[in-house]
Amino acid sequence: MTSRYTRRELMVVAAAREIRDHEVVFVGMRLPLLGFGLAKATHAPDAIGLFENGVIRDRPAEAFIYTMGDPPNIVGAVACLGLVDVMSLLQQGRVDVGFIGGAEVDPLGNLNTTRTSSSGALTRLPGSGGAGDIASLAGRTVLIMEHEPRRFRERVDYVTSPGHFPGRRRGGPATLITTLGVFDLSTRRVRAASLHPGVTPQQVREATGFPVTIEDHTPATAIPTADELAYIRHADPDGFWTGDSMKTG
Amino acid sequence: MPAPESPSVPVKLKRSLREAIAEQVHDGDAIALGLALESGIPFAAVHEIIRQQLIAAWVGNVAGGSGYGFRRAYEQGQPRRIVMEDHSNFSVGLALKAAAMGLPYLPTFTGIGGDIVRGHPRIRPIGDPFGGPDLLAVGALRPDVAIIHVQRADAQGNAHLWGNLGLTVEAAYAARRTIVICEEVVPEAVIRSDPNRTMIPGFLVSAVVEEPGGALPSSVQGYWRRDFEPFLAYHRTSRTLEGLQSWLREWVLDLPDRPAYLQHLGEAALARLRVSDRRPAAEANFAP
Amino acid sequence: MPAPESPSVPVKLKRSLREAIAEQVHDGDAIALGLALESGIPFAAVHEIIRQQLIAAWVGNVAGGSGYGFRRAYEQGQPRRIVMEDHSNFSVGLALKAAAMGLPYLPTFTGIGGDIVRGHPRIRPIGDPFGGPDLLAVGALRPDVAIIHVQRADAQGNAHLWGNLGLTVEAAYAARRTIVICEEVVPEAVIRSDPNRTMIPGFLVSAVVEEPGGALPSSVQGYWRRDFEPFLAYHRTSRTLEGLQSWLREWVLDLPDRPAYLQHLGEAALARLRVSDRRPAAEANFAP
Amino acid sequence: MTSRYTRRELMVVAAAREIRDHEVVFVGMRLPLLGFGLAKATHAPDAIGLFENGVIRDRPAEAFIYTMGDPPNIVGAVACLGLVDVMSLLQQGRVDVGFIGGAEVDPLGNLNTTRTSSSGALTRLPGSGGAGDIASLAGRTVLIMEHEPRRFRERVDYVTSPGHFPGRRRGGPATLITTLGVFDLSTRRVRAASLHPGVTPQQVREATGFPVTIEDHTPATAIPTADELAYIRHADPDGFWTGDSMKTG
């Protein structure tokens, strides 16, 4: 794969395609933020973005931001409320789709961002932040992950962000976007919806610590158009998030 | 690049209050209004609802001064019986707040030991799983429509409101549909210059109408003083059902809309009520 | 006329951050700070607390990027073991909100089905007395002290805050004592010109300190940009315990106060970080 | 009683004296509002006033107000929050004293402002407003009433604002200020603290539908000073609330 786009750019495009027009989106930082901006610029001009710190935007910030609390993310927002206010809207069911990532994922879409002993020693991870809330309360969730064997586990060490479980009131994981492909999680089984160009089924199976359905006719992920790439490179000019050196998830 | 699936913004901005009410308010709807207590009461909308012959099924809280029309309905069923669910200000606030938070109820200590909560359809005892004293659970109240009068909004319904707030924000969050009535529809840039002033984000709003003076005789900070006399006149006139009906004819039924109401009020009254001085808020700099 | 019993206003305005911290923060106190998530973090106060050798007993929520110092303490007990109560953003927000509302807990649906709430000391199952599905009760969290950085406040602690809010308001309501650190102490008239901008009423505030730049390297809307480099430098340096200690010496222990920190940062950096353009909020007229 | 002050002016002075310096006061309209302003101007300069609509003031409005939502009550406020915010502060226990009135009162300090059949027919009253909340949640309450036999009842028809009851968590009625005197309710018995000048014990007993303790040495209510009267007449220049024609409670 020596094309003119990075895998992370491809993942941004895949994330954007998960957003439908007029939807209310719980936007995270990094790739989902770019995906939201790209969706707005293309097929979902009337999508609304909520940030867990209380910001509501109907278009991306004018300047590059490192955190959702950066001043450019306040400028031009349609509203700047408190955390409990936007979480209340999430709990009400007013959010259609939310994006979350994690260090580990399992076939039910459970995510771990709290602690793991997978490498033998205890490793403390940053914790939930808003991810556990989005996983619990959004209409559906899209998971974004670095596709590595140690991260794709039969059962995660700790469920920070719950996936599918019996008695779930609402929502649950719909789609998993990784560095290797796009996977449908909505049926509680992991099925490849598309593999990124050049990725083989065997590569995916070797990088995945649990069974994954890959059909013969599983398509290749549609590559970014020139316009899509232009948007991404305008929004992330230094490749801070989408360059090949930056880790996702 | 995929073609936009639905490029058109849903048109929230209505040409008239009549259009907004006809579209958003249906017979039998639970309507939340008068949410800032004594200011910003959307009287123009209430008058439009009366003209359109709709009936509000539920009166949640009546504070301050006995209303003769209300008393006749409650005490004598005239012109028709109304059903009352009694609340304190806090309990009705918590009922809206519970819905706003997406919860079936909120716990509280208010009302314990009194008669309001006894056998109340929306208030039940609840324990404290941490071993503290028992509380009351106030069940969520989700109005079909909230009608809110604000100073300014953009065409998407993002609304700036200042001064008295009361339960306005809770009701807009709680309601299935929210109608924003504003003194002025302003360009998006005005709203975006101060996102902390946006009490109601537009994605919660179903319809926006520009109706200056639409809250009279109640006040709107920076726009309209409270018109005290009509409150007294209504109180006097509504002592009898005939009086109430003649008042309704003069001020509601025989007037087609709010501009006609303002004209009937007269230029002298409007000049007295309209705020023309300035007491601007200290500057807040949002530069990044 | 009876003589005033206690004519003197309690002096909330402190001469220095050192004085405010020494008076309001005690060993063993639970301290709430960093409440707006990434902006307005009261770093000057944190540095003062470190200088005064106090230990915060409780870390409620750590979001975004793993901290090596935090990991060493948690994973290896170096330099000392810390106890962690894990939360999501919403559950810690509800814990503060419960205290702010004077309640022992608030119900929620967040966290159900996950491990955070399993055996959690502050989260217990609770039913719905109206027959709906079970919920979780998040127990109230009442910090001893909340430390909040705002743009401006008067000498009574009435504080104007704009931009990013996060959990700031909930924490100030919930805490036993609140320290307001501001960019500017302003005359009362500035605050009173816009009472809707007062996120923290002064009667909840124990101490007020003017400390411009006290939130650096985090941002303050309209005053300071985020200083990105120190976050990366700290991350790199704190990879080892020695690195962390040398960083602490350079930026905290060997500097007497925040003005010395700003001087150490240097004029070029300050010029780059200081906001000098204006993007004023649209005028709101409060004239009655 | 043909002196130069009205009974309502005397009641305002009595209300002001119930406020101690530095206290947080839940202020009602009418007489308590004037009492708050008078207390601020005299012995309690650092008292803070909360209004149930969300307004927090540390001095009275500059202009005459009919309702707490009138624009002059916003101008110069130190904060203007929402109703649930100030009620939350009340529920937290941050309010020292609140003022409430009613159509009927009983010896436990229960107040009725909801409905009564005392005159034979059902009469609907305005309802609780914030009174029930103040009665439930304030550190102590001061009751203000028109002193008439039909209003002072052995048991009120309906307890809108609860008085003393077993298991009360906090607060309760401390003082009852009427058109005839000031009564201590803090011991769950009604004891006259002072009778207004010219009022006899017999007058009080005849106007009270339940036993009231009036001791031989019960003093006369201290009459307003010239300064106090000057303040009241400045704040209520037309006697809208304090003139003899205006009904209290």
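By written order: A, B, C and D. Residues from 1 in each chain.
One rule holds in what follows: a contact is a pair of C-beta atoms (placed from the backbone, for glycine too) under 8 Å apart; a residue touches a chain by one contact, two chains touch by 3 or more.
Keep in mind it's a predicted model, so treat the numbers as computed, not measured.
Colleague: Please report the minimal path length, in steps, between chain B and chain D on the chain touch graph.
Modeller: Graph distance in the chain contact network comes out at 1.
Colleague: Does A-B or A-C have the larger number of C-beta pairs in contact?
Modeller: A-C
Colleague: Averaged over CA atoms, how far is the centre of chain A from the centre of chain B? Could you give it in whole Å?
Modeller: Taking the mean C-alpha position of each chain, the two centres sit 39 Å apart.
Colleague: For chain A and chain C, what's the span in angstrom between their mean Cα positions?
Modeller: Those two chain centres are 29 Å apart.
Colleague: Calculate how many whole Å lie between the centre of chain B and the centre of chain C, each centre taken as the average of the chain's C-alpha atoms.
Modeller: Centre separation, chain B to chain C: 35 Å.
Colleague: Taking the mean of the CA coordinates per chain, how far is chain A from chain D in Å?
Modeller: Taking the mean C-alpha position of each chain, the two centres sit 58 Å apart.
Colleague: Among the residues of chain A, pick out those that touch two or more other chains and give their numbers.
Modeller: 55, 70-71, 74-75, 80-81, 90-91, 137 - these are the residues of chain A that touch more than one other chain.
Colleague: What are the residues of chain B that contact at least two other chains?
Modeller: 102-103, 108-109, 162-163, 165, 191, 196, 221-222, 225, 275, 279, 286-288
Colleague: Each pair of chains that touch: what are they?
Modeller: Final set of chain pairs in contact is A-B, A-C, B-C, B-D, C-D.
Colleague: Can you name the residues of chain D that touch chain C in the complex?
Modeller: 20-22, 24, 42-46, 48, 55-56, 58, 63, 70-72, 74-81, 85, 88-94, 137, 225, 227-228
Colleague: What part of chain D is in contact with chain B in the complex they form?
Modeller: Touch residues, chain D against chain B: 29, 52-55, 66-71, 74-75, 80-84, 87, 90-91, 110, 114, 121-133, 135-137, 158-162, 165, 167-169.
Colleague: Could you pull out which chain B residues touch chain C in their complex?
Modeller: 102-109, 124-126, 128-130, 132, 135, 137, 139, 151, 160, 162-163, 165, 186, 190-191, 193-194, 196-197, 221-223, 225, 275, 277-288
Colleague: Would you mind writing out the residues of chain B in touch with chain D in their complex?
Modeller: Touching chain D: residues 36-39, 61-67, 70-71, 74-75, 86-91, 93-94, 97, 108-116, 133, 162-170, 218-219, 221-222, 225-226, 228, 275, 279 of chain B.
Colleague: Can you check the complex and tell me which residues of chain B touch chain A?
Modeller: Interface residues on chain B, with respect to chain A: 1-7, 9-10, 99-103, 156, 158, 173, 191-192, 195-196, 198, 201-204, 286-288.
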